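Starting off with a structure, shown below.
Labels run A, B, C and D following the written order; every chain starts at residue 1.
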Amino acid sequence: MSADMRFGVLTGGGDCPGLNAVIRAIVRKAIDGYGDQVIGFRDGWRGVLEGSYEELTLESTRGILPRGGTILGSSRTNPYRRADGLERVRATLERAGVDGLIAIGGEDTLGAANRLHTDGVPVLGVPKTIDNDLGATDVTFGFDTALQVATEAIDRLHTTAESHHRILVVEVMGRSAGWIALHAGIAGGADVILIPEQPFDIDEVCHLIRRRHERGRYFSIVVVAEGARPREGTLVAASGAADEFGHPRLGGIGHALESEIERRTGFETRATVLGHVQRGGTPTAFDRVLATRLGLAAIDAAREGRWGSMTALRGTRIELVPLADAVSEVRRVPLEEYRRYDVLFG
Amino acid sequence: MSADMRFGVLTGGGDCPGLNAVIRAIVRKAIDGYGDQVIGFRDGWRGVLEGSYEELTLESTRGILPRGGTILGSSRTNPYRRADGLERVRATLERAGVDGLIAIGGEDTLGAANRLHTDGVPVLGVPKTIDNDLGATDVTFGFDTALQVATEAIDRLHTTAESHHRILVVEVMGRSAGWIALHAGIAGGADVILIPEQPFDIDEVCHLIRRRHERGRYFSIVVVAEGARPREGTLVAASGAADEFGHPRLGGIGHALESEIERRTGFETRATVLGHVQRGGTPTAFDRVLATRLGLAAIDAAREGRWGSMTALRGTRIELVPLADAVSEVRRVPLEEYRRYDVLFG
Amino acid sequence: MSADMRFGVLTGGGDCPGLNAVIRAIVRKAIDGYGDQVIGFRDGWRGVLEGSYEELTLESTRGILPRGGTILGSSRTNPYRRADGLERVRATLERAGVDGLIAIGGEDTLGAANRLHTDGVPVLGVPKTIDNDLGATDVTFGFDTALQVATEAIDRLHTTAESHHRILVVEVMGRSAGWIALHAGIAGGADVILIPEQPFDIDEVCHLIRRRHERGRYFSIVVVAEGARPREGTLVAASGAADEFGHPRLGGIGHALESEIERRTGFETRATVLGHVQRGGTPTAFDRVLATRLGLAAIDAAREGRWGSMTALRGTRIELVPLADAVSEVRRVPLEEYRRYDVLFG
Amino acid sequence: MSADMRFGVLTGGGDCPGLNAVIRAIVRKAIDGYGDQVIGFRDGWRGVLEGSYEELTLESTRGILPRGGTILGSSRTNPYRRADGLERVRATLERAGVDGLIAIGGEDTLGAANRLHTDGVPVLGVPKTIDNDLGATDVTFGFDTALQVATEAIDRLHTTAESHHRILVVEVMGRSAGWIALHAGIAGGADVILIPEQPFDIDEVCHLIRRRHERGRYFSIVVVAEGARPREGTLVAASGAADEFGHPRLGGIGHALESEIERRTGFETRATVLGHVQRGGTPTAFDRVLATRLGLAAIDAAREGRWGSMTALRGTRIELVPLADAVSEVRRVPLEEYRRYDVLFG
């Protein structure tokens, strides 16, 4: 084994419960397990580009395990959006005396990591997304927390819906994959679940709600992913439902459904837009353990020079997979899986 | 003491955690304490008008203490909105053999109860509103649960806001009183709190956020009551922010602030609209105990023929106050109290 | 496919969050998916032996998804402990017109199911144990909830330990496998984790606590599985630490450690014995989804006549494995895995 | 108003959720509201005796609002247990340039504060105890959190008790007052509540449990305060149930009841000893708001030179009461109040 080494770590992209647990595990294992050093770059790739970092120690990472967010900060900076990005990354790593980089992030962050690896930079990845839409791992940390938060909200809505005969719409996260909506809908006992993978028909939604009504079920819970969309021409989306990038605006589809269902069925309908509540705060035990295991495995992989790989959960084991696999495709909800749950609804 | 008696109970208005706890306490005390009978009217005053009720027993009220909602159902029906309302109430009570009625509800429900009392109907009230805006009691059950739910949401948002340098807007309930916003803002460590009692100036809000930014606090949490309004002319509210009754639409002010703060400051801003999550689900221990105590006191009061009164918390004691006092004025946040917390913000 | 069928379901052994979710999924899928019927036997195998059961309907299983416990009741009855057990099982199934039986349970319940299968009774299993010690599945439902409850308790203890310079001992469940202790210890940031798989040395435990003290960490959190035991001769267990079956009494090892650590180190030490809090109450979203998926798969398997098999989670998929595999060995924490986390402790 | 002032603050006694919220409010108000300075003494009176303190700033108190424990540390040191205690206190305050002291604590801490006041030291108090047994205030912060934690535990136990026909004993805190047991028992729907104020008869407890059994309620939840005691001669307490000070050992009464109820009734009985889980961790919203208000009022009182007084909640207002009143008597559960809830049990 080589002499003591020095690794850099960064967190990129949107918030995700468990980031601090990964950082802590990396630092503990590097220092106590190998006698290595770790530096943390601030605000994702921006810190690498600008040479902004700090030494991470046992002391500076104490107490962060149960905390949401990331002590390193984050950004959506991508080194390849600057002409001199690659050059700057190399320069920083050399100046900081870093033997390799551990990038914790989602599709964007890991995409940049993979490209840097191809360009010869020693980097490996730890997958992170509350949306659980990365293909190369069974599950990503952060998803379980988001799911739990959404489910607790649905639990609360259930009693009101039932005693007050309301239609309650819950908009959860999920821009291109419906995992949070599907699993929170199953866990919360929703009556309708709308996901980005399957454009919905507002007539069918209202039909289902009315049929429940006829059977004496005077309430319904509709769980909708922020990225769910009506089938072409069936619902005039509320204006302002997209931001300047054409991304759906949080609350867009939730409030559109609220208006449309009330208008069509005449039943009192109310929307809850959980938004960033799903991204922040203390991680569930599941996510803390998974994040910790991924962090420990990442430093082992770095020690072994497994650059270009990514830590992944496969069954009960943490394995290494090529970064390239991780970013090649978004893992969406298969439609046959979505339909398998039909008996639970309505 | 008179021979065995028979009381009716109803729950009216919006949902509120603790309703079932009141019902259970009434039934237990009436049956086990006095050997009395209790019937429950379905869906608030509607059940009284239409003679729709059921016998409540120890068995039928088992297990409901920790559950949100109301096993009796609720509605916004007001007997005085029908010409024959009073007559129908009297007829039902006579037919059902009811010696008196316990109405659990907010301003509307208790307003009707008070008028019925004036018209000679034996009725007393138990106050209920998550908004905590009834003057004659120190606090209403349901408020503590709403507060706790809102505070937990703010806790979650805090870590994201901080690590991702975001402005996060949380819209909480409170149409005409800002108690939930004020207390959840204090408990959650919010940086700006906007309440209906004090029209806000969007320029000041943005100024405060920018000043924090200059001091290195690159995030802010803004808690806004659904009924908070901009000072005349300072913010063009998003269209659709009011429903057909002119009431603010849930999410209206939250999303309006989201757009406006982002547009003016250039800082990424996201809104969470908690909505009915605050009204439903299991009550906090505080609300269960308060609701139980109010229910026990209500049946004692009914037994003593204290019609026209309302149970109320005063300090550590449950007392009886005139129903007329309870509905005479909304208890709003005094502006000097609102300002007292200024040192906590920003 | 055969004409409409009729299946029996039972829940056996200790409590486990998610049992009701399995039952509900089975009923929904059988009735709405296949037009089949389901009956529920009361109190595990006892209901089969005594012919005590009820028809399960959509209506009778409504609202049970988020509830802990089991609407069917449970017991530790084993049909093979009676001479006429097998005969009685056969008689009941015939009388009840049942085409096959779904047994939801742990080692004992599934052991009986496997033996019944060998004896020609059409039965299949759904694995259940909060201890997560069944070999044939990646994870069992109930474990995640127990883990979450234990972790939240450790979170609460942490702040007290730290500000009040205490040693806090948390006894969690796990008679022969240390999964809850290990994962809750990792998730809660414990300083010492003691599991049944590795007899501990009280001297080492005290040494570690003292070393932390010398480094200015004046507190420690010790997580101990109820089945953890001192190395031969190193700790005189508190009398009464075993019940009449020789099983460790809940609280035995926790309180023994409390006394012994305080006596040896002189540091104030306090024990918390979580006990059945880990077995009951609402399941986490993870457990609700897993339990639901297992229930759906069980009815599919029953429909296909896959008797003698058990539903299992493998990676992201629900698969069928032989019942015999499930009960052949207890899945314990591998010692090399236990040691892998050493860098996190102390 | 005098020129800028300088105040000291300390936290004494056992842990209590909300201590950090008081400290933060004091610091914010002193610095931002008055331009004053605050120093924090470490580990209660010990820090005053030994001159160990630190400057508290907006920065050093950031983010502590939702955290359990106390950033200042605590101890059970009492200045009057040293011959030179008073002299040392005076010397430290003079050397530190402190105009007055704010002591946050329970009976012991405030008792010392009151005596110091009598001896001419400028000191005022903020009441703190999870037991809620101080007479001069409606409620103390920390109580609500302890109550909520205990209630959530009972909720979890309920489903297990019910489906598995168990007697579950929950030992909660409360050495000399039964407020936590009483309120958690009411909120959790307990069947038996045992408090220190009323010695219990084990025969009656078992009789009640058996009677429930006869009525088809095959389970019972028994909530017992750690300080509850059997009536003379009715139960031989487990040996080891008291520590060296003669204080009941945590778990003593809980485990004694577990054995005794099982032995006498033959029903499976299990105990949960919540212990310090009730003292630590994040405070409820209620406790955060109350603690914050008390902190703000304390600094106002200090500014006005109201030495010898204590902040207290009276109805909805924070008022000042003499410290002497606060420590003159323990507020116990009145027996007529205890009996008022009888109809809820059994």
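Miscellaneous remarks
In this section, contacts are C-beta pairs under 8 Å (C-beta built on N, C-alpha and C of every residue); 3 or more make two chains touch, one makes a residue touch a chain.
Computed from a predicted structure; not experimentally measured.
A turn of 180° superposes the CA atoms of subunit C on those of subunit D, with the angle given to the nearest 5. Summarising the inter-chain layout, the chain whose CA centre lies farthest from the centre of subunit A is D.
The centroid of the Cα atoms in subunit A and the matching centroid in subunit B are 34 Å apart. Subunit A and subunit C, compared by their mean Cα positions, are separated by 29 Å. Averaged Cα coordinates give subunit A a centre that lies 40 Å from the centre of subunit D.
Within subunit A, residues 152, 155, 158, 282 each touch two or more of the remaining chains. Shown here, the protein chains touch around one cycle, each chain meeting exactly two partners.
Here subunit D touches subunit C in the complex through residues 14-15, 19, 67-74, 149, 152-153, 155-166, 168, 238, 240, 250-251, 255, 270-277, 279-282, going by the rule given at the top. Within the complex formed with subunit A, the residues of subunit C that make contact are 25, 28-29, 32-33, 65-66, 138-139, 144, 147-148, 150-152, 155, 158, 183-184, 186-189, 282, 284-286, 288-289, 292, 296, 314-316, 340-341, 343-344.
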